[in-house]
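Each structure below appears as structure tokens.
Both of the next two complexes hold subunit A, though its partner changes from subunit B to subunit C.
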Partner chain A sequence: MIYIRKIGSVNAQEGEELDVKAAWKAVSPKMIRRTDRFIQLSLLGAYEAIGDSALDKNTALYMASGQGNLAVFKRLRDQRYINKQPPKPVDFINSLSNTAGFYVAQFFDLYGKNLNVSRQGLVVENTLLLAQVDLELGKEEQILLGGVDELQEPVSFTKRTLGVSDETLLGEGSNWMLLSAQEQGSLASVDVIKKQMNITGVKEYLQGVNSASKLAFGQRCSKEVIDEILDGDAIERSLYHVPCGFYETAALYTLNRFIKEGEGELLFIDNFGDSFRLIKVNLL
Partner chain B sequence: MIGSQDDALKLRLKAMIIEECEKEDINPEELADDVELFSDASGLELDSLDALQISMGLQTQFKIRLGDSKDFRRVVTTINNLADYVQPE
Partner chain C sequence: MITILGGEILSALGKKEERLQHLSDTTYRVDTKKMTTVLDEELSFSYYSIDDEERNSALSIPLRYLEEVVQKAIDKLSLSSDDLSRCGLFVGSASNDLSLSLPLGQNYDNSQVENIACERIGNGFYADHLTKHFGLNEFSLTYNTACTSSANAVIDAGSMLESGVIDYALVVGFEMFAPISFEGFVAMQLLSPEKIAPFDRDRQGIVLGEAVSALFLSRDDAASSSWHFLSGDSRCETESVTGANPDGSGISAVIGAALTKADVKASDISAVKAHGTASALNDMAEINGMKQVFDSAPDFFSLKPYIGHTLGSCGTSELLLMLECVDAGFVPGTPNFINRDEALDWTPLQVQKSCATGIFMLNYFGFGGNNTSLVIEKVET
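Presenting the complex of A and B:
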């Protein structure tokens, strides 16, 4: 089990105007040059969590993303194959997977491990689990963990690549939490269940979960999956739902919202295909 | 007309440098023709990555390809020098 000391979120839904550049420029006009929207979104979310507080220089930074900085890859593709030009140096640098992490580390003056995790499905759960193991083993004392995904136009194409229906509203966000192995001064505890399960395993696990615990489901959990889990549960569960456009790291937005406005305990269930992961959050 | 006498060309070069180096807070017309671009006096605070960006801008917008860093250092000194290289006559 690990502890959450600070949280911060920037979140928007398809159709909402999120002027990330203006918002970040207001925070740090000096650190706008050479950054693109994905980097600015990363910085803005991390700033929402940490603000102007000083972090220990050894704080590690783990950043998760479902799609990564896809916009810069589109620009590089256009420069190379449509305009028949070599890539712009700044775009090339920004296409490296952890450039956004570099900027966040630079802004907060961090010199610890800087890790970038990008995958489709369960990216938040796996990154949190990695952070949890590193904190529990004493490899890190404090980790700034974020999940960032930027809405990509055209949305019809993005929905197809993400494998969601045309009716699904997309979103984007930058959600961050400061994690520690120490309870003192924490907002909540978090425990990522280390065992990856199938749906039968989830139903068996639920039998041992306190009736007061609220349940939340990840955005990839279909109605059929949720019904099957709830139908097999002997207890009438209280569900916690946060309206939010679809993006791969939205799980962190749900967790942050619960920590900000909820009470008690939350069990967050998410899946990708037949694989399920569970996160327990307890408000302190 | 040699480049350093062509005000329109020099303004285009200044605008390209400001665009490529993301120095939008600086008005191109305020950039002096004879100031060393990579010196403190220019107020641009350019570094080696800016040099690469300017090199790319010259290639894409002016079809000028500078072979290596020595060529770059010889050509991209002041706006006047750069303009003379882009438009020798």
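Presenting the complex of A and C:
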């Protein structure tokens, strides 16, 4: 089990205008020139969590993304195939997804481990599990963990690359939490269940979860999956749902919202195909 | 204790017998030229390609290489399906999503922007495929931290093994020719037109290469080995997004921390696999960093003249080459080193040196300020 000290979120859904550049320019005008929207979105979310507080320089930074900075890749593609030009150096550098982490580290003056990781599905759960292990083993004392995904146009194309239906409303967000192995001064505890499960395992696990605990489901959990999990459960569960457009790291938005406005305990259940991961959050 | 079981690599050096011969003789082969046009001028650069006559740009080719390399490693280590079901996957690659760039590029040529994405694509595509194909444990992450990608993956694989979440770890380093990446290096004037000569006075820059490598790790209670992963450290320095501070401060911090975590002294290190990119400032930063930790020059070498700079793949690819060399009884020399650089003062090994056991350091540095150092050992069996 580890602890959450600070949280911060920037979140928008399809159809909403999110002027990231203007918002970040208001915070740090000097960091606009070489950064693109994905990097600025990363910075803005991290700033929502940390603000102007000073972090220990050895704080590690784990940044997760389902899709990475794909907008810059599309710009590079257009430069190459349409304009027949070599890549602009700034775009080439920004196309390395860890460039966003570099600028977050630079802004907060961090010199610790700086990771950029991705995964098809369950990216938040796997990254959070890695952070939990590193904190529990004492390999890190504090980790700034974020999930960033940017809404890509055209949305019809993006929906297919994400494998979601045409009716699904997309979103984008930059959600961050400051994690520690120490409870003192924390907002909540978080525990990623280390055992991977199938749906039968989730149902069995749920039998040991008390009735006061609220349940939340990830965006890839279909109605059929949720019904099957709840079917036969002896307890009438209280469900926690946060309206949010679809993006791969939206799980962090749900967790942050619960920490901000919820009470008690939350069990977050998410899946990718037949594989399930569970996260327990307890407000302190 | 984290054990390094071994693995397999596909690179310009060819099959094991051939690559060991090259590494032993301090020779290499690079017979591929890549061309690009900048401001109407056609430029030519050496490139270390994986030799494959059936090669084309189809999306299936990277998958075929990945499957081939992982399968060979599994066969070599006689891993069972039960072992694999307890094996997490850590993929390191600097390509910002080859799985997307290939279909997007092909799609643009075909003017079918709306019609190509008939299946899920994106970062994590290859890891997802490998997990399903080989029946691995569902824990996987794909790392993009530039040239430290698969080295960072090794460190985190060690943590997940130590925690007991998994009993085996497959770390894959993966980098194949990507036109936009290649042209990005050209645009930044980082490439040498002919050869890569790390630490040489007249070094002219990087020669890129491609490699696909699969490295298996475990714990000694699950699988023993004479190779151990002692520790590693990864840090970020924010002096410049494109490289380490030439004063070596960032590099000395990471290699000093790696030694501390491994509980070994600098004088315990038998040899250092340097990052050795042959770019003027990076080689200087690396030597300056080592000087702040080592009282005198350790035996060090660069493997990039053998397989090129394989970017995100170099973490596991160079680690595997080093294991093969020490298993064969030597650490390799550094090809193309001719002239001592007065500013660097220290010179790499120029021919192989006998070495069958010891403690070794492997260093990797990348864009985005990422610096990574690994410490491993081979004990007598």
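Operating definition for what follows: the second predicted complex is superposed on the first by the 284 of 284 C-alpha atoms of A that agree within 3 Å, B and C clash if a C-alpha of one lies under 4 Å from a C-alpha of the other, contacts with A are read in each partner's own complex, and residues count from 1 in each chain.
Criterion: contacts are C-beta pairs under 8 Å (C-beta built on N, C-alpha and C of every residue); 3 or more make two chains touch, one makes a residue touch a chain.
Worth saying up front: this structure is predicted, and the values here are computed from it rather than measured.
Once the two complexes are overlaid through subunit A, subunit B and subunit C fit side by side, free of any clash as defined at the top of the document.
In the superposed pair of complexes, A:E172 makes contact with neither subunit B nor subunit C.
In the superposition on chain A, A:R33 makes contact with subunit B only, not with subunit C. By the touch criterion stated above, A:E150 is placed in contact with neither subunit B nor subunit C.
In the superposition on chain A, A:G68 contacts subunit C only, with no contact to subunit B. The superposed model places subunit B and subunit C at 60 degrees from each other around the C-alpha centre of subunit A, with the value given to the nearest 10. By the document's definition of touching, neither partner reaches A:E48: not subunit B, not subunit C.
Between subunit B and subunit C, more residues of subunit A are touched by C.
In the superposed pair of complexes, A:Q196 makes contact with subunit C only, with no contact to subunit B.
When both complexes are overlaid on chain A, the residue A:R160 reaches subunit C alone and has no touch with subunit B. Once chain A of one complex is fitted onto chain A of the other, the partner contacts of A:K88 extend to both subunit B and subunit C. Of the two partner chains placed by the overlay, only subunit C lies in contact with A:D134; subunit B stays clear of it. Once you line the two complexes up on chain A, you'll see the smallest CA to CA distance from subunit B to subunit C is 5 Å.
Residue overlap on subunit A between its contacts with subunit B in one complex and with subunit C in the other: 34, 86, 88-89, 93. Subunit C meets subunit A in the complex at residues 36, 38, 94, 96-97, 100-101, 104-105, 108-109, 113-114, 117-125, 127-128, 137-146, 152, 156, 159-160, 162-163, 165, 179-181, 183-188, 233-238, 241-242, 250, 253, 366-370. The touching residues of subunit A, when paired with subunit C in their complex, are 34, 61, 65-70, 72-74, 76-77, 80-82, 86-89, 92-93, 95-99, 101-103, 105-106, 109-123, 126-127, 129-130, 133-134, 136-137, 139, 154, 156-157, 160-163, 194, 196, 275. Across the interface of their complex, subunit A is touched by residues 21-23, 49, 52-53, 56, 59-60 of subunit B. Residues 32-34, 83, 85-86, 88-90, 93 of subunit A touch subunit B in their complex.
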